[in-house]
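One chain, chain A, links the two complexes that follow: it is found with chain B in the first and with chain C in the second.
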Partner chain A sequence: MWKFQLDPVTAKRFQRFRRIKRGYIALLVLATLTGLSLFADFIANRRAIFVWHQGKAYFPTFTFHTMAEFGQKDEFGFDDLEADYVTLKATLKEKGGGFVVMPIVPHDPYEPDFNYPEPPPNPPDSRHLFGTDSQGRDVFARLLYGFRISIFFALSLVLVGQTIGTTIGALQGFLAGKFDLFSQRFIEIWSSLPFLYVVIVISTFVRPSFWMLVVILGMFQWIGITFYMRTEVYREKTREYALAARSFGASRRQLIFRHLLPNCITPLVTFTPFAVVAAISTLTGLDYLGFGLPAPTPSWGEMIDQALQSENRTKIWLAIAPFSALLLTLFLVTLIGESIREAFDPKQYARYE
Partner chain B sequence: MSAPLLEVQDLYKSYPVRGGLFSAKQGEVKAVAGVSLTLKKGETLGLVGESGCGKSTLGRTLMRLEAANSGRVLFEGADVLTADKHQLFALRRKIQMIFQDPYSSLNPRLTVGSIVREPLEVHKIGSREEQNARVRELFVAVGLKPEMIDRYPHEFSGGQRQRVGIARALALNPSLIVADEPVSALDVSVQAQVLNLLVELQKKLGLTYLFISHDLGVVEYLSDRIAIMYLGQIVEEGDRETLFREPKHPYTRALLDAMPIADPRRRRDRAPLQGEAPSPLNPPSGCTFHPRCPYATAACKTTIPVLEPVAGSTPDHRAACLRKNEI
Partner chain C sequence: MRSTLSGSRLGGALGRSALVLCVAGLSFGVVGQAAALDIPGVVWETNDTDPPIGDPSAAKGGTFYDYITSYPLTLRLVGPNSNDAFAGWNRSFSMNMSLILRHPTTDRYIPCMATHWSIQPDHKTVYYKLDPDAKWSDGQPVTADDYLFTNEMMRSEHIVDPYYNQYWADHFEAVEKLDDYTIKIVGLYESWRPMEDFGMFPLPRHSTQLGPDWVEQANLVPGVVQGPYVISEAVSGQYVVFSRIKGWWGEDKRYFKGMYNVDKIHLKVISDVNAAFDFFKKGEISHYTVTSARRWATELDFPAVKNGWVHKKRLFVDWPQGLYGFAMNLEQPIFRNKDFRKAIQYTFDFDELNNKLMFGAYYRMASCFEGSEYTNPRLKPYGFDPRKAREHLRAAGFTKRGRDGIFVDEYGQRAAFTFTYGSKSLERHFTVVKQKFRRLGIDMVLQLLEPGTAFERGLERQYELTLMSRTTNFYPSPKQYFGSVFKKTTNNNNIWSFGTARTDSLIDIFEKDMDRGNRIRAMAAIDSIVQDEAFYVPFWRGPYIRFLYWDYVRWPAFYLPKRTEQYLDWQVFWVDEARNTRLAEAMKNGTSLGEDLEVDADPYGVKARLESGDNTSVLGQ
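Right after this comes the complex of A and B.
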């Protein structure tokens, strides 16, 4: 069995969080969506999940197979291009000799579909349930992969930022004195840098990758939490249990990790969901401005940018998809955050003796 | 008389008061202004004073929880204040502290068992099983049920929590315990139980107590000797009987007069102490007590009295008052 004992304060907060239905359901939904997005390659992909062809099994999701391997040729007679699994499925169904299992949505977020009389974007139909974008790419696939990138970008950024912020804030509170004084001045100067401009300036030199963007934004994201951690540690370290630990000779490490930090996590836990909201919005904003992730990467910001182009004003599906997805995600995370905040509200159980 | 266990010599501790441009130092609060104390093995010294007189600071400074400005704290001859990391770590085993507030002195996120075990873990004493056995033994010693070790502090009453704090202080088998107002946050009925426990433990384990309190009644109950503190200085010191029978410092008299007596027919013949304790930021000249002293003379405003033996009393009865031999 799960032999991990939560301390009663945390256990109580967790129970209370579970009792706040809207937040708990939002957490379950978001966790499910995030979990599903990990398998996006099996949900929306033009590569088949499984191919049984002439007595041989293929799992092409992450491997490249040429047309030649399945006896295919394109209209110009080339057979060294990637196999067309949709056609293969139809051929095998007709002639036998194997079968193909395709993902539910047989499109990836990069492949353009020009098989329409009209130039893209094309409105939703049975082939592209959410329509296609101005380059003929499937909107649902881009939405799905864009969600995966957004949520993992936000989580990585928040993880990096909150770790740095908590460490620095806790050190400020713990070491106090000169370190606190100078680091606080540094934070004041640093936080007055307009980070959007910094990102834009850096983006003009290098096209930032996912991790580079995490690092660049992380350089600014950590600041918010330091203020809270600093004051928490300042307060907790003068409590008598901390003095007691020092009086029997506990080391600084023991003092910080065993006594202080566990009693200082409230602001960290309550602010983190809102930091995730901010991170998703920031990435979307940067992508919208064109300073985010490099071009073919599926991203909500880029989708919104497309939807707002003047020639696309009547192509309403381009706007509905990313805006609804953004709204839903931010709504879910906010619900979670707001419920956590309520569950951690010290007024409900504090005793001031 | 045995050699002193703890000797505090001329200890000073002041806090800078900062303000203005670049947090310039604008003054200082002398919380402990030249205190000397001696504790013999097995005795209890009661340290009494009003709120803010520096008695808790004294306790924390001699534990080196706060850095002293000057002075020496000799524990069995070794200076606590200048000990290096390893010496200090070794010394910490022998001096332990009991805290005032049983609600904040226990980490709410740890079980009481692990709270009491932690000193043993820090000092790497015994195996896990031996540590657990020791924790159970300590729980019995302080009057708690050993089954309670897996509970959390919030499940206990104030008195029980204070017992947990005492068990933690005893875990390392210390010889000196600095008890910083250990009962003042407790109900009166519980106070007596905890005090009795402290007395009993002292007899059983041969402990030495520095017992800090603002309550003379509590101090009278368990102290062998008493030191009275006023504005960071000890103004009178002596064994319990002498001090209660013939207090020489007017401040001690005022404190004794302020003790409630459970007899409505007895009338007070002296007026209670007037006024507030002056700010330690700007202490009065001469004898710091003179603005509130009914016996003050012109000399008291200019001359600083020294803690000296009182003529015709017991040899260790000392008072810092210019008129100690007249009043």
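Right after this comes the complex of A and C.
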């Protein structure tokens, strides 16, 4: 494989980024949150993390265990339904014979909690710290799982989009000539398609899945970056080092990936965080409009939609949770983006008069 | 909700849906018999003994304020764009009065534009004697020529209205004038309700220039009408005012006494029903129909209610509900198994939805002809019963739980299906249903599509489970839903692809048999078969009108007639000027008039009947 070597200038820029405190901290916070969200199933779940029952250990987080395995029965006498770990915990505490380790929030983002005299949504209390939504589901759990989906959706989409965009942009710049001419016209046509409408039209026929949505949006995501990569490569390929590499007999592939791209990384790095912001907003928007991921997928857009329903206009907790989460996430990503942009700014010491 | 082949347009064609008639097999207890007037062999019937529709002591005068959600695109009642919400008001107030009516409380025929009628033994031909007092709003008399003109105009391509064209082509053989005030209408087929199937309204020949540009010309010109109101003011985008005609010809007719009481009806354009609620609270509109159970349960304790300035009423009425519920596609392998279908029936937990999401406001349906006289009274809903569901699942071959907790059969087939729907507002109900199904080992995948696409998927049978939602007329129409002839093709209302020789013969009895008892028995049998086949999971209904009104609006003791779909079907309310003054005074001083604590009104015993578990509607009194 090729060795992707950062040129010293770029390496220096990354060092500079680390010194910009607000961006660096935002990156750490966001990375931590993203990392934590990977473990959402251990943070908010109806299934226990660990059960010790009659001398046997269970790790039910990702597996289905029946009530029978723990000697439980529901009110209709069924024992092959999913075990109820919250009740099990109480029983074992009372009668001994084992113990249950529950997640901090013993709710998953799907199961309605109807144990209130009033129909949902119910305001925050000790059982549901963020309240419940209009289906009686725990708002915190939905927020957490919604974050995981949003952030990984955005990262996947940006990864797909920027990879395609960078490749095409680089090829345009490098090959120039007819390829550049025709592909540029194609991009002009393609970019005039209103992507939101395209997604909406597709969604009227099929309810898209996570990856399908990544692919559909990815078809439009790549366009933006091609313009920058194209011009960068156009400029870089005429530089002396590129000519030198070519005269040493470097192959096209080597030339592009080893020599040119590392020198063209500035626009890619600076635009990527903002692409993430756009991707999160797009998913939220689509979910809000009802064209995103199918119900009951936890999603911020769906939460915002609920909060804005006229019948929920007095249920303020429904609005606070998704809006502050969205605000915080976009703020963090934007901070990172701003800092990267600043770190990569060639006019570091420019003075404006 | 999409209306069906028998939707609101039909209502328009025959007067309006609530004004539409009636049963030939019905016995007329008090039908007056006039002597044969001029045609040999024709025995004229009339009815001058039923009670008035409204309250004859109602005061006349005053202004009533309400709202429409959009300014009308046209004032015509025929042709393009003539079926919006405003057209409902327009029909109700000013035009399209039918020849006769079915009394909305006693269910018997009563005179309207015609004073007498005579149904011929061929079940196709009806003679009518027109009311010689009837006048157009420009003073011209309404005569037989106007009916001939209706027959011409509705068949004309100049009206650009394929619906009416088709309706006329499918129903009318001939309309004949015998003299200026006697007409004969001949239908195309034998019917046990010829006055309903072949009913008609007059159109003014003298003031209509029917030609290629009629649609354009008549677009924004208030028509010449036979009803009690004319459009007197219309400000684009803001409001429309109807004014009562002074000395309207029908004012002193027996059945119109106590109806059409207010002088002016002011319809403000308010595009959003929630905004309209705020307008109501401010007193800018007189009346507000509450459609949200949540609003009804939680938002109606504002000061005006507490002070008795505003009344809230839940009036139980007797109007049939169409099909509304889950529909299973019998062409899909998983739903070919009857036991699996029954398992779904027993897994659907209506009580949880009703109590936990809908404030316990609704009643479960069991029949596919719910609320009509053709409901099978012995039908009980399946009800939530996980034990029975489990038995049926087992019988369907789903015996063990897979690793995700969903049942699988011996071939590895999961107990899973996709539910296709277009109603986003019901999604929260469906996610609760999904969770319930999931817990009991059935996986229902939710697929929300754009409403039009979801509707088409249903018609084309491109679904496994879908949401069926159809309005109905006073009489059910079983053939379009259960006729086996529709199984061969798609794009029809037989969306489950059901139909057997047995049900076909029963439908035939309903359509053709002149004996009401036979028809009722046949329909009850269809109802039982459909329930046993279990491909339709009926949802719920609210057989009532929930509304708010300011204290100056008065109603008869029974509020609205029994057969009322929406309150504007019958204008029996009036405005009490003395109370208006009293209310203004009380509001100025902030004094209370005493809260009206009688919220539920059940003058027809509908609530009592439903709560005793009887879903039928009783015809007549």
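One rule holds for everything that comes next: the second predicted complex is superposed on the first by the 341 of 353 C-alpha atoms of A that agree within 3 Å, B and C clash if a C-alpha of one lies under 4 Å from a C-alpha of the other, contacts with A are read in each partner's own complex, and residues count from 1 in each chain.
We take it that contacts are C-beta pairs under 8 Å (C-beta built on N, C-alpha and C of every residue); 3 or more make two chains touch, one makes a residue touch a chain.
Just so you know, these numbers come straight off a predicted model, no measurement behind them.
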item	value
Touched partner set for A:Ser126, first chain B, second chain C, both or neither	neither
Chain B versus chain C as contact partner of A:Ser192, first or second or both or neither	neither
First, second, both or neither for A:Tyr241, with chain B first and chain C second	first
Partner chain in contact with A:Thr63 - chain B first, chain C second, else both or neither	second
Winner by number of chain A residues touched, once chain B and chain C are compared	C
Contacts of A:His259 with chain B and chain C, given as first, second, both or neither	first
First, second, both or neither for A:Asp80, with chain B first and chain C second	second
Residues of chain A at both interfaces, chain B in one complex, chain C in the other	none
Residues on chain C engaged by chain A in the complex (per definition of touch)	274, 292, 294-295, 352, 355-359, 386-387, 390, 401, 403-405, 424, 427-428, 430-432, 434-435, 439-441, 445-450, 452-453
Residue numbers on chain B that touch chain A, as the complex places them	60, 63, 65, 88-89, 92-93, 95-97, 99-101, 103-110, 118-119, 122-123, 152, 154, 158, 165, 168, 171-172, 185
List of chain A residues in touch with chain C within their complex	63-64, 66, 76-78, 80-82, 110-112, 114, 119-120, 134-136, 200, 203-205, 207, 290, 294-296, 310-311
Partner chain B, residues of chain A touching it in the complex	7-10, 239-241, 243-251, 254, 258-259, 262-263, 351, 353
